[in-house]
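Both complexes below contain subunit A, partnered by subunit B and then by subunit C.
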Partner chain A sequence: MNLMLRFLVLAFPIAFIGMFYVLLSTEDTYPGADYKVFEIPEFSLPALDNSSYIDNSSLEGDFIINVWASWCITCRVEHPYLSKLSREGIKIIGLNYKDERNDAANWINKFGDPYDLIIHDIKGSLALDMGVTGAPETFLVKNGIVVAHYQGEVNQLIWNKVFQPIIDSKKINLK
Partner chain B sequence: MIIEISHFLTIVATGLFFLVGCFAFIRSGDIFISKLISRTYSHGFLFLFSSFLIYVWLAVTDNFSVAYIANHSNTALPTFYKISSIWSAHEGSMFLWIIFLAAWGYLFNTKVDNKEVLKSKSIGIISFILVGFLSFLLLTSNPFETILPFAPSNGADINPVLQDPALAIHPPTLYLGYVGFVIPFACAIAFLIQGNSDIKWEELARKWSVVAWIFLTIGITLGSWWAYYELGWGGYWFWDPVENVALMPWLAATAFLHSLSVSIKSSNLRIWTILLSISVFSLSLFGTFIVRSGIIDSVHSFANDPERGLYLLGFIGTIIIFSMFLFVLRFPIIKSVGNIKSFSKESFISINNIFFGSLVFSVMLGVTYPLIYEYLYDQKISVGAPFYNAIFIPIVVIACLFLFFSIDSKWQRTIKLPFFGGATILSSLLATAATFLSTYLIVIKSVSIIVSLFAGFLLIFRYLIEISISLLKKKYLNPFSAVAHFSLGLLIISIAFNSILSTERAINIKINESEIYKDLNIYFQDIRVVNNSNHDAIKASFIIEDMNSNSYVLSPEKRKYFTRGQITTETAIHVTLLRDIYLTIGDQLDDGSWIVNIQINYLIRWIWISAILMSFAGLMLIFSKKRS
Partner chain C sequence: MKYILSISVLLSCFAFSAMIYEFDNEADEIRFNDLIKEIRCPKCTSGSLSSSNAPVSEDLKKRIAEMINQGKSNAEIKEYVAKTFGKESLYDPQFQQDTFLLWFGPVIFIFVAFLLFFLRRKT
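Let's look at the complex of A and B:
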């Protein structure tokens, strides 16, 4: 076999693998992430402890909204990471989604509360308006405007790849 | 504690496999070393397998401190599904995949004698592949991760569409097929490393390849059947990217088996055979990569992160490039010595290799093109049935014609012209008549269907004649080839008839009303809510009556599962050999009527029957005594 043919036989798989490398290392390989910008819809819902009503005016500044429920196992897996973010001083608003008040309160008592505020959305109305399809989901909010949305478990990797670039580029101050 | 033991056993096994890999390439030809390698491999497998058994036990006993089990199983599940939940998502199914890989290696290790020259190196290659995948498992997708100190009291349940017996066995069967091709791959690579052209690696790999091919065939068939009745897709093949990545190794493997038969007989076509053995395994790995890297969206894709994709790509890339490099390096020793006579069996098989190669290449193009397009232009496009039909129909039809003429050909001999014997003429006449008759009766206008029918009939009649001749005159006929190719003919006409005859319609219908569709009278009897242990269902009953006044009840359902809130449709199918009546219910409209989708699928059972018949041909080959 001449040299040219040998080269071709080798070049084909290498080019093929190279192509997949390029495809994989582009950023939109995080299927749960989307960067549609929209305002938090008008809402008024009770807090989880039923002490008060929470509406748009209660949510000031920059923060993340985390959609969770006591029936959601992935939320349980995600919980330690949220606690870590909370310890770092990041402001997290909990959106308790389609959950019984008692179940949710027990869950918080048992595992700890990483949230600054918890909205109790038993019918999922606010969640519906925000485009939530399940739990857990997480929104990044700057002055009442959602700038990033992730469906699925947030961990260090997702934080670094999906949220951190937006936080840096839009100068969001979560603390 | 028990979790850690299981975890630890897997780590120890990884270490042992690494040692086996290293030993195998240090010294060869020493029987002491060969025995050591064989024994160490067996021990490694023993550790790995015990670890898996413990894992199964953890799943059966609902140990939710294991994060994976907590995420995919539930106390309410029957034991059978607790076990199958292990392969319902990425980590666990990867674990099973590796277990199968190791098990193939173990069987190879016990069945093949230590004196076999290529054995140690083959085992070494399998071990290195195992080390790569075990590290992938342990480093990026560890199924042993725990939720501590507070384990959840109950798990998240298995995805309801996976709670189905066909699906519980579809992935394992498919994996057995996929990873089974590690044996011919390892033998081929060992042969290339050894670099002695006198060694017959093909003989060593033959039966293993056929067994793997059988599993792959059955696995794909089961998947097709499951998608038909459980997913409610209502067809047998959708050119979904993940179906395609299973089809590619199958096509390559089929070509490989043909090519292998030539190389065993005469050491011809060795280049093809080695290239194909590398391709089959690479394509199986590629399938694993596609499904697990999240690079495509499909029903099959696992929740994913790109780091995994990069690791897999790196490892699979290394395997592929290493084997291709070796192939190029050893090219001089695998060149065929003799020439292939024109119109000999060998010549037909080498043409067949080209046909199958083109099919694999086209499917690969269909899978990757949308990815490249999206990357370049940021737009999603989909490559679907029209593309594949345009490519598959002409190639398959031409391949069938070649196959038809190849029946008369002999090994290493040119067939005497004119080779038109009585069987050729008779079967052509019968096929022409059958095609005309069906075209006339059903009014077929599509040329591609007519041509496919002709090709299918040609094979069916020809093999029926050949089989009768061989039975009557006791003339030798290769039984595996006859059964396999007869099933191919059956498959082609079933697909052709299915595509021309099958119809579907969505109708709006209220309770106590009836509707007529084709020859069927559909009466909507009632609809009610049914409560079950893990789901609520809306169950409708329809009474279907056909022309011959046979009537039967079909009850399609819509289910809502509690734990995940997922809604699934359960189809109701009336099965006969000729056709399936297939009902699904959709939503209720404001006027109280329901959307009901009805399909009449002709000959769809025969598509699966022919696939099973093909694998049966393979099974006959396995259990046949070797001809002298």
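Let's look at the complex of A and C:
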């Protein structure tokens, strides 16, 4: 009995130290990534060019949704990479977030339009329902279901490490 | 004097600083104020929704006020928040399979400690 107690007195602290070591040393390399699966919430919002209303039925197939705004500096940094994805034929839906229509249109005219469709969410209501906390953020969507969400700038590294594994494993066809 | 007073009121930053949420009755307003203290701001590392004026927090507060006015219960509102911003947004963790250890860990720990204490006394 005594021996067992002595063992426990030693084993408990060692177990705790071990637990903290494991918890603190496992590095989350991509803290902005989230793989929660959810449906795109119901919405009906105008297009950025005000030509029509966009709702869930306008979004078909597999694509990525990119949340951006003209006031967002990181979006400017991210923009060339999105243009590259767009040139490769990847379908990108823009979710213009809390932005004035004119500012957003000027931004697109100046830097180019990588988006297949731009939703104008001036109040950020759809963005709120999707769990957006700022810009830029990017969602990977398969048949109306969000399968990955990244908060922050998407670049080649993030694409390869966060998005590509999901695209491969779920056989998502973005083109 | 009258002019100075009216100008100072117009320039007062406090006059325009607070968002105003409207409710049908006082009970709803109390419920709103309690709820935003129990929900974490999605943009901050720590800090409640009530303490934050980040744009996304203002949006979320507005949405919560709307849901209260639609007659949604606290449980429904918390479920919405946990669904959109993750269950870590609630300061009070819900009873679930993966939070079992969180809730009962301390009780189990004390139980084991007592057990060891009495076992030791006997020997």
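One rule holds in what follows: the second predicted complex is superposed on the first by the 147 of 175 C-alpha atoms of A that agree within 3 Å, B and C clash if a C-alpha of one lies under 4 Å from a C-alpha of the other, contacts with A are read in each partner's own complex, and residues count from 1 in each chain.
One rule holds for everything that comes next: a residue touches a chain if its C-beta (ideal position, glycine included) is under 8 Å from a C-beta of that chain, and two chains touch if they have at least 3 such contacts.
These numbers were taken from a predicted model, which means no experiment stands behind them.
Legend: residue contacts after superposition of the two complexes on their common chain; A:Y21 is shown touching subunit B, with no touch to subunit C.
Number of subunit A residues touched is higher for B, counting subunit B against subunit C.
Contact with subunit C, but none with subunit B, is seen for A:G124 once the two complexes are overlaid on the shared chain.
Shared-chain residue A:V132: touches subunit C; no touch with subunit B. Once the two complexes are laid over each other on the shared chain, residue contacts for A:F38 go to subunit C alone; subunit B is not touched. Judged by the touch definition given at the top, the superposed model places A:N2 against subunit C, while subunit B stays out of reach. In the superposition on chain A, the residues of subunit A contacted by subunit B and by subunit C overlap at 1, 134. Put simply, subunit C touches subunit A in their complex at residues 42-43, 55-56, 59-60, 63, 83-86, 116, 119-120, 123.
Across the complex, subunit A is touched by residues 67, 70-71, 147, 150, 152, 155-156, 282, 289, 293-295, 297, 303-307, 309-310, 313, 316-317, 320-321, 324-325, 327-328, 331, 368, 371-372, 375, 563, 565 of subunit B.
Across the complex, subunit C is touched by residues 1-2, 5, 8, 34, 36, 38, 98, 123-125, 128-134 of subunit A. Against subunit B, the residues of subunit A that register as touching in their complex are 1, 6, 9-10, 13-14, 17, 19-26, 29-31, 71-74, 76-77, 110-111, 134, 152, 157-158.
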